[in-house]
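Quick heads-up: structures coming right below.
In the two complexes that follow, chain A is the common piece, with chain B as its partner first and chain C second.
Here is the complex of A and B:
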């Protein structure tokens, strides 16, 4: 028996990572990402003269389950038309039967890399605010992301935010609808995908999907049927903690992911906001991403946040600080007036 | 309009306070009424002039600077009139607080008075 050389193995791997797009309108450029279920390629769409990202299953799917999931992921994206959510362009099938979909090719940095580029606290909060808006929109469309984490969030050159990887998304049932639901075990190595063999595309109760440190306790327990918007609120809290500390909540030495360990210089109000979003009990968290965004707005505007009630003294201090120029001018006026009066005295 | 009213209200309040401070000068106590009235009138006028500019100009610094100029200018006009009893001029005692009142009115109006008046966009046919 002869062993293959490393170079041969590398060539075989490279050949294996190429896809045959002959019967599609796309031209392959290069692979740009890989996940548990499929690979994302940068391709060119000659008809529209633009580059798009194409996601395709790694292998033909005999059972049809992964295919159904990929299509479902594309449908979830198609349902979510929002500037903060990566738009899907097309769904199709390769000659070998593998299903693919194309989406916008996002230029920018992943949030975990972007945060290392020395951005200010305000910039971080503005980006977080945009992330909350995108997630709130998805919630309004009855879609949960279920795997929000810095690696799944892209920040563009102008601070635009795009939420990626909706592979484990869950469509919430409307009260007047039949149960639905969908998800695909996705992509990142950190993601847990402990699924029982032969499971249907619908998430089974007991299935654990998500990323440790970013998924709420109920999701980690596999209580998928109980998940609602507050599961994403937990993940947003963890992302906020990451943005404030620069490290993932799970890496911050937290015994429980609900209680991150904070570094120096993190404002107390913001800590309180992140901790409230990450409460173990869903009922104690913010009710939605929009409520969390409103808290961040309050902080940005110099107002007290709900999660951190302040004493009268603190409020007075905050008020004086906010209007410090006016206070200084009034003080200067009072002092000058007093000096003039003193000087006039015989 | 909001800025003009705010500036005039601020001028009135600061003018009253400024005039009332004359009580601490024993010589001026018997003329308190007229001092307060003229001081308030002067600062309401200053408020009007500052408010009009604040409603049209976006730059806070410009409004504050204009407030200082108006305050100093009106105070100078008042200080030009000598004291009827002593014949002395009190330029420093009148102009320094007067200029500061104008500066305060300018700052408060620019900071808390809301946005500037929008100019009507040209229509394209």
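Here is the complex of A and C:
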């Protein structure tokens, strides 16, 4: 028996776990990420001479539930054509029966890493604003993400935002028109349909999907049937809290509905926005991601936010600050005028 | 078309359930028991010897005696009867028993090579001696990690050997040679250089390498299943060794 060096053992381990793309048009480059459901590889598409990301289940799925979920994810992505949502290119099946899909290879940083690169509060809020836009678009298409967290959000070199990993997304109502899938030759529509009966796996009531600290209480209780857009609003609130605190919401005490613990220097109005998004009662949260985005807009424009009612004094102060140049000019005018009047008095 | 592309679809890259050695040694059938013990001995003698030589710093003769005695006890005393799958990994259990044996060795000067009716085949200690110089001296406090590393080295070595035999028997020597060049040799060949050297197209290299790796993984998982105590341990080991989740 031959003796194997440590390096050879490592190469063999890697070789043993590699996916077999023999009968697809793709060539494997390297694994680039791993999620709860599968692994994402960087592959080359020689036909189009480009690199794409290929997501595949880690194991053949005897029960078919994970396969159906992966196909559902691809279909959700195909439906959500938006600059803030990673576009899907192709769906297929490996020789061993595992279903895969390919999508745009996103270059950039995950939000949790990006935030550590010394970005300003305004930059964070602009990115958050774009995130809200993408989620609001998905909501308009009746799709909930259900697992929004910094690890599922990519930020590109120019501040563009891409929402990733729609593996546990929920379609709020059945669609009259099923999106058409483009298939590789080895993955016929029949074979995928057979593996994905109904093409829309429903999460059983009582099943908990999501990430602690980012999922709302109703999702943590497994009340999947009751979830609506406000579940994602909660997660967006947790992401905002993360962006403001730089730490995971879960670490900040937001495991359930409790308020995050804030560090110093976080503007009260923004705290209030995040806390309102993360209210335990869905009815007390923003109704949608667009409403939350509008709040951030108000803050960025120096206007009061709905979540943080201000006293008359604060409002007056904000008014004066906003119109400070006019106020200063008026004051100067008044002082000069007063001096002139005093000087003219006999 | 390359012959690998005509292979029937298996539906799964993972092996069917095979009896583990733990079940095998408890079988009423003498042949099954013998097979299980043989598998155990084949899989463990190298890491056991290396571990005794380097971790316990015994000389070659002492290490050979202790290895022979340990393996004899495995067979004779049916020590796996006390092993409880689920409480620890089989590998950890074996290592713990080995530590105990070596600790007691000084008190028990009498060495008997026993076999309990099974013949322990001649073990090529000389070949292992030649390999010891290539290993870094182990950390005295990292016995578990050292034993695991050596076990994994031996495990992959035996899988490669089985792959070679299987490729030869099925007339796929080129497949193995490509695998050998690309995945075993340190220099790190490229698909293009292999295509040139073997006078194949890049596509053929890709397909044949994929076949060899697929077979390598199948053999590894089959062997792993026999060398683990239960399904949970099998899954955990498959993930540790190959980074794969098995259903």
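Note that the second predicted complex is superposed on the first by the 281 of 346 C-alpha atoms of A that agree within 3 Å, B and C clash if a C-alpha of one lies under 4 Å from a C-alpha of the other, contacts with A are read in each partner's own complex, and residues count from 1 in each chain.
Going forward, a residue touches a chain if its C-beta (ideal position, glycine included) is under 8 Å from a C-beta of that chain, and two chains touch if they have at least 3 such contacts.
All figures in this text were calculated on a predicted structure; none of them were measured in a lab.
Of the two partner chains, chain C is the only one touched by A:23; chain B is not. Legend: residue contacts after superposition of the two complexes on their common chain; A:158 is shown touching neither chain B nor chain C. By the touch criterion defined above, A:97 lies against chain C but remains apart from chain B after alignment on the C-alpha atoms of chain A.
Of the two partner chains, chain B is the only one touched by A:337; chain C is not. For chain A, the partner with contacts to more residues, out of chain B and chain C, is C.
Those residues of chain B that touch chain A in the complex are listed here as 18, 21, 24-25, 90, 92-93, 96-97, 100-101, 103-104, 107-108, 111. Remark: chain A residues 1-9, 11-18, 20-23, 27, 58-62, 95-97 touch chain C in the complex. Interface of chain A with chain B (complex): residues 325-326, 329-330, 332-333, 336-337, 340-341, 343-345. For chain C in complex with chain A, the touching residues are 4-5, 9-14, 46, 127, 130-131, 134, 149, 152-154, 156-161, 179, 183-184, 186, 206-207, 210-211, 213-214, 216-217, 220, 241-247.
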